[in-house]
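Chain nomenclature is as follows: A, B, C, D and E, assigned in order of appearance, with residue numbering initiated at 1 for each chain independently.
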Amino acid sequence: MPINYYIFLSVALFCIGVAGVLTRRNAIIVFMCVELMLNAVNLLLVAFSKMHHLALAAVNANAGMNAQIFVFFIMVVAAAEVSVGLAIIVMMYRNTHSVDVNFLNRLKH
Amino acid sequence: MSKLVYLVPLFPFIGFLLNGLLRKKLSKSLISIIGCGTVLASFVVSLLIFFEVKDPSFQTVVINLFDFINVGSLKIPFSFQVDQLSILFLLIITGVGFLIHLYSTSYMHDEENQHFARYFAYLNLFVFSMLILILGSNYVIMFVGWEGVGLCSYLLIGYWFKNIEYGNAAKKAFIMNRIGDLGFLIAVFWMISKFGSVNFAEVFSKAPTTSVGVLTGITLLLFVGATGKSAQIPLYTWLPDAMAGPTPVSALIHAATMVTAGIYMIARSNIMYTLAPTTQTVVAIVGLATAIFAASIALKQNDIKKVLAYSTVSQLGYMFLGLGVGAYTGAVFHVMTHAFFKALLFLGAGSVIHAMHEQDIRKMGGLKKFMPITHITFLLACLAIAGIPPFSGFFSKDEILAAAYEKNPIYYVVGVFTALMTAFYMFRLYATTFLGKFRGTSDQEHHLHESPSAITIPLVILAVLAVTAGFLGIPEVFAKDSHWLQHFLSPIFEASTKIQEVHPANAGMELTLMAISVGVAIIGVIYAWSKFSKDPDLQDASGFGKVLANKWYVDELYDAIILKPLNAFGKFLNNVVEKNVIDWMVNGIGRAVQYSSRQIRLLQSGQVGGYVLLMVIGIVILFLVEIFIKK
Amino acid sequence: MIPVLLIAIPLLSGLVGFFIKNGDNAKKWSLFISLATLAVSVYGLTLDKASAALHFEAEWIPSLGSKFSVALDGMSQILSLLTAISFPIIFIATYNKEYKTPGKFYALMLLSQAGLIGVFVSVDALLFYFFWELALIPVYFLSSIWGGEKRIQATFKFFIYTFVGSLLMLVGIIYLYAHTADHSFSLQSFYKLKSAISGKDQSWLFWLFFIAFAIKMPIFPFHTWQPDTYEQSPTAVTMVLSGVMVKMGLFGLIRWLAPVIPGGTWLWGDTASALCIIGMIYASLSAIQQDDLKRLVAYSSIAHIGLMCLAVFATTETGLQGVMIQMFNHGINIIALWIVVELIERQLGTRKISELGGLAQKAPSLAILLVIVSLANVALPLTNAFVGEFLMFSGIYTSTATTYNVVFTVTAGISIILSAVYMLNMIQKVFFGNTNALTENAKDIKWNEKAILAVIVIMIVVVGVFPQPALELTKTTVHAILEKMNYK
Amino acid sequence: MNAIIFSAVWGVVMMFSGAFSKNKSLVRYLAIIGSALLLLVNIADLTSQGSPFFQIDTKNMLVFKVFGLLINCVAFGSTLIYFLLSSKDIEEVGPNSGDYFALIFFVLCGVSITTSYNNLLMLFIGIEILSIPLYILTGSSKRNLKSNEAALKYFLMGAFSTGIMLLGIAFLYGASKTGSFFIDEIGIGKAPASPLFVVGLLLMIVSLSFKVSAAPFHFWTPDVYDGSPTVFTSFMATVVKGAAFVAFIRLFADSFVDAQPQWELIIAIIIAATLFIGNITAVFQQSVKRMLAYSSIAQVGFMLFAILGVGAKTNTAQEGIVLYIAAYSLATIGIFAILIKLKDHSFDGFNGLAKQQPLLAATNTVFLLSLAGIPLTAGFFAKYYMLSTALQTGKFFWLVIFAVLCAAVSVYYYFRVIQAMYFKEGEPQQIEVSTGFKSLLVIVAFAIVVLGVFPQLLINLLSSILYF
Amino acid sequence: MSTTQILFWSLSILAIFSAIMVVASKNPVHSVLWLIAVFFAISGHYILLNAQFLAIVNLIVYAGAIMVLFLFVIMLMNLNGDTEPQKNKWLKIAGVIAGGALLMVFVAALKNADLKNQIAQVNGGNIGLISNLGMELFHEYVIPFEISSVLFLSAMVGAVVIGKKE
């Protein structure tokens, strides 16, 4: 497949994720939208990996593999982030009984 | 002897220091001795130098004391110049000055000890400054004295400092003088840029090769200086107000010496004026205008000193007329005679005031019998100023008028008309004061007496001079080579006379002119005598007289067109521009920062969604910049 | 070594001064130190100009090409002498005044002295900038802690104002530094720059520096900090500010701007001159309107400084010599005026001209001394200011750097008249006339005050009559600077 | 490598010490010792030049250059001072002081990674290691709703920016010729930039701007700094910010320096915006803590000049940024240490401090002056270097002028504190500070002044190491 | 249109549609489910790109572990209903517009990219196979792998600090 398709697909998914972050107030959903963004990136990376592999396979049989490893690390990190993130959300819920990101609004100006 | 000329200003300066610093310690008699003695010493030294200068073989002497300012090519030495002109003025200043000092010892005797000392210190300082002015061998040293006398004038006018009015008069004098001084200074700068020097010798030697335009500019600016110091239109208004000072001060500074500084300066620079005919015309016209204008005001004044003040302004106008028409000798001659008779008039008036404690002539009258010496000397002086032969005023005034006729008959006509007014108002003054019945209070009458000898002796000496000084310059018509003064001063005006030959009118014409002016003066005297000797008009002036009595409302005019607008402008700057424009702008920057701070921090809405939105917008903008603006 | 001593003595003893708790000791200590500094400064005057003792150089920040390099030439000598004279005068004149935490007060005063002298002697741009700020900060604290009621706002305005200026200057300095051939901050390297910088760059560089200096001097329209600050600062500090600190601006102009960026100076000289002249007239007219003595003197100072700045742009020897000597004179004269203001305020508790009157009867010595000082302020001949102003005017008139020399002279000359107006007004309203309830009980001044004013008066007259030694002192500096300004 | 391993290990030590020891001061001392040792091992790394204690083949993932190691020194040194000044206050945040210290050590591990990464993957992991403990520390005051809020905001926005960074990395990867994440290979040299590269570059700029809190990606900073327990704000605003900044500058100096025309305008705009917003907004703040947050944004505006200067031939940019981070960190840690001791964090809280605690006021003044960039303090040379760097590029003159004007504005808010301390009268507050605390503050202030007067001391060190 | 293309398009449409539904769903639980759908679609893409390992890991880690965690939390908080308060409508619109604008600028920036001959290899290449990846991971990428442990440690400590009852 031409790489363009993947680029635009990923960018579209990414932007949907961004729009989600912008429009939702539920902290968990917002966070999920961030995960969506990460997945868009993952997809893009894999596509690029295959692109580079195709172009450079003659020189380097492992060309493009690094991006897939990168994706693997992104998943790892995302997992760690999720655990911390959810812990924070839960902590907030325990204190305020709300997961609305705008509920706590004491810090401003 | 002329090498010792620095002693002449030094003595009064020592007197100033002694009297000034030890004013609380010295007794009045000691103060008097220091004050008078130093001036007398100067007079003696001047006299000695005079005898040296009188010698026909005498060459101008320049004594370099030290380098005053020496920057690059500009060299201004602190040096004195002794020649015929300066020695003549030295004699007048120290001579008349000494008499007035002497007079003052009695006149000011009622002052407190320290103020008495202060008075003499000022007076000595004045003499010192005046001597510097006269002796300076370049324009800067002249300017040093020029401003110095202005300062002393200021100090002495405001001598009675408790009185705010006097203070205002002093301030006015100083500031008016400063306006003139600015003109003087700019002329000096012009000279520096054109001639590279301010020394008389160099300037005068380079003047003939300089363009007329430049000379006209320089001389006009110098003349601006002269109008300030010598009270000419438009800067004359300070002089009548200056009468706030003690009367001897008026006599010394505001009649005999300081106000003639302008005449001296122009006489000194005669070559430049001669080379700039336009300026000469201006000088003549301003002088003439001042003469008639001041005389017209004097007609209706009732303050004894004010009349004399306007008369001084008017006479100074005469002198400028003389300078303007090239009669430099005549002008200097008139300075001298005027110094004698005007000092006498003022001192006489002082004597009257001393006796009456009153300055309004409407409240005097009949003083003849109470103060005989004062009366006689005053009468002589009046005759002298009125131009009645053979008193001194006749000779000097006539010389100017004759020269004026040569230049332009209209000058002569106006001059003669002024002479008429002069004769009239002087005798109005004389008659109202000394003739008729006494109009003061009985209390005053009780105390009336002739002044003490310290006052009368100067009066008598001056009277003798006022009567006889004219014979120093007997016109050619009467006797060949009899004009001693012209002869004496000829080295000074040599260059000018070469360029601008003063054609002596033919003898018949000159005699006719003299006859006319004498006749006119006599008419004025007689008319005034008849009108005021028995029953003077004591009503407040009305109609046109009121305009004259109010000095043509010139002070009010200046107030309205200069002072008030300037003050208003200053207020405007201070209250509006400073506060509402500049400060507002400066503070406005601060306020703008504060305001934008308050607004921008609202971006910090506290909502994550808002933050992310702004971030995304930021990203979009950066992309747009990258895509569209870059390159 | 002399310049180093001049900086080090007040600097170190100032630091020591922070730990002196006893007010009397602090006073004595600082007076002693300032006299010692003066002695060193006077000793420096006696040395030959080429003497090695007048120069000092040591490594400072070699990697930046900056050295601790100080030197005393004619201009530096006259200005450091002014600084060295001013401080003892100030200390003696305010000796009877009590401050809270005096140790700190005097320590900060000495620090600012060190900074001021440092500014005048450094020949390394970075060092110059350092001292420039070092002089400012103690003064800021002095004014803010010991000042009047509105001190915080007023001095803060002053601080921000000058700080903006000095930052702009810093940009200029860095820019010049980046263009030096040897990457050095030394004055000599800067002097060599002028051909390396294009006309356009010189043009804006000029403004970077000029604004900094104009704020310090101050030149219209950057002056609004000044009356407020002078009014609010304790008088001792006002004396430092107006007597010495404003000279920093002029000094910078003469040393760091005009010869370094002659093209820009030439290009904008007329504009800057016009600002000076507007400021002179403006300040003079404003001065006439003032009712507060301090503000009056403040505006008068603006007018006088405007003239000096104008004369610098005239680029003539007479003008520049006039500025040199006038910087000294103005410092002395204005300090004397402040002393008088301080004496009046301390005794009567007011500075309002309208509330005073008739003081000449009660305090004749004060009146006489003030009159003399005022006369110097209006540049009467045989006072020191006359020499300066005469030379400056002469320089402006004969200037070939501008085609408007006559216009400049005449308009600037008007301020001479106006200066007489406001000074005489002030004298009359404060000293003449009758006493009122407030001034009824005024007393004449104490001996130390009288003595210090007398010393000033003697200086005024001596310099006024014999200015030549001072002119000789700055002659070579003036020549050197002119040579660089007239680069074409 | 020493530092990475040591900090990770010591983090674990702290974790367990917290769990097993009830003696709080023991934990504290351990932390202080740890940071000191960390500094030592890093210096050992720095001086041994490539022969660290641990011989590990990093496969070129990490490269230990002196610049990065120097920054490590600054960071660890700052941390040491921070611990010495404020470790007691860390204890008071909550019961788990050992964990807090552990997290701080993990952050330091992240710091050492971001200063020596050679691969975008390591950059990513480093930044995450840097960030995740901070989310926790921000929220560590669990009952405090402000702390909760700050943590949530920080976390959500941090995750968002991570997404952006990853997208940028992906594009850079796609644009690279060799399909590599190594930073020396992702650059495109002088070749015309492909759109992929440009997009990747921009996204990297955005995400790194977020990390260093440059406008308009700074919005998290004030809220998070304000909401966090003050003692952690201090750490975040100094050590962490410095590390993030180094990540930024290294990426640009190593990879993108040739593509400068592509990004210099963007960076210039970001600098201008950062300076403007940081300084202007700080003016109106009522709380010193929040003011400092904005001021830290403003300071970043200045630091970013170093990025503009990476293309210059000289090394002023690197030299300057080390100096800047050192000066800024010292001063900020000092101010925060004093701020923590005050009950009232508003400007009025400082009223009359000079009378009560003259020493605190004096040192605080030095810190503030340094932040404002007044000569005779290290802050001046920091700013000097930045301006100098920018001017050497020969472009963006307007930006330099703008920057100094903003610096003048900064004087306004820094001096408000000085005014409060010295010129205003205040209610006496009960402030208890130990002599050790005071003397340490004096030492720090003294160091700032010494660096401000003799910057050569540090420059010598820097240049002798940097240009070996 | 080849099978690959058909698969690509359908997976893409599924991914985008599901993604939109994640954002649009009112009910958080639905969002989670839609997100899982996205993950599946993406995994499909991975398989298409012959990145089998990632496809599986994606499903296991993301769809399996992480999403379950999300669901768990949502359930725990009892948020399964439509509990989200109505957000300001304008802000919502602004959000959508901003997202759209972002997409537009991406497209604008990328549209000129000369990527015609840049093809992503599908159905071929074996770099995505677990054995190759494993070799690479524990060879070249051992450092990041090890260092990730610090990340996990800190996440763990963090979760404990945050979650622990005081």
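Keep in mind that, in the parts below, a contact is a pair of C-beta atoms (placed from the backbone, for glycine too) under 8 Å apart; a residue touches a chain by one contact, two chains touch by 3 or more.
Bear in mind that the values here come from a model prediction, so they are computed numbers and not experimental data.
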{"item": "Common touching chains of subunit E and subunit C", "value": "B, D"}
{"item": "Chain separated most widely from subunit C, comparing mean CA positions", "value": "E"}
{"item": "Of all other chains, the one whose Cα centre sits farthest from subunit D", "value": "B"}
{"item": "Centre-most chain, if every chain is reduced to its averaged C-alpha atoms", "value": "C"}
{"item": "Computed distance of Cα centres, subunit B from subunit A, in Å", "value": "96"}
{"item": "Rounded Å distance between subunit A and subunit D, as computed from the means of their C-alpha atoms", "value": "26"}
{"item": "Centre-to-centre distance between subunit D and subunit C (centres being mean Cα positions), rounded to whole Å", "value": "43"}
{"item": "Whole-Å gap between the CA centroids of subunit A and subunit E", "value": "6"}
{"item": "Residues of subunit A touching at least two other chains", "value": "3, 7, 17-18, 21-23, 25, 30-31, 48-49, 51, 53, 55, 63-64, 66, 69, 73, 77, 80-81, 84, 88-89, 91, 101-102, 105-108"}
{"item": "For subunit E, residues contacting two or more additional chains", "value": "87, 91, 94-95, 98-99, 102, 106, 109-110, 113, 115, 140-141, 144, 148, 151, 154-155, 158, 162"}
{"item": "Subunit B residues counted as touching two or more neighbouring chains", "value": "601, 604, 606, 608-610, 612-613, 616-617, 619, 623, 626"}
{"item": "All touching chain pairs, where touch follows the definition stated at the start", "value": "A-B, A-D, A-E, B-C, B-D, B-E, C-D, D-E"}
{"item": "In the complex, subunit D residues that touch subunit E", "value": "4, 8, 11-12, 15, 56, 58-59, 61-62, 94-96, 99-100, 102-103, 106-107, 109-110, 113, 119, 121-122, 125, 128-129, 132-133, 135-136, 139-140, 142-143, 194-196, 198-199, 202"}
{"item": "Interfacial residue positions of subunit E with respect to subunit B in the complex", "value": "87, 91, 94-95, 98-99, 101-102, 105-106, 108-109"}
{"item": "Residue numbers on subunit B that touch subunit C, as the complex places them", "value": "66-72, 74, 78, 114, 140, 143-148, 151, 154, 158, 161-164, 167-168, 170-171, 174-175, 178-179, 181-182, 185-186, 188-190, 192-193, 566-567, 569-571, 573-575, 577-578, 582-583, 585-586, 590"}
{"item": "Complex contacts: residues of subunit A adjacent to subunit B", "value": "18, 21-23, 25, 30, 101-102, 105-109"}
{"item": "Subunit D contact footprint on subunit C (complex, rising order)", "value": "59-64, 129-130, 132-134, 137, 141, 144-145, 151-152, 156, 159-160, 163-164, 167-168, 170-171, 174-175, 177-178"}
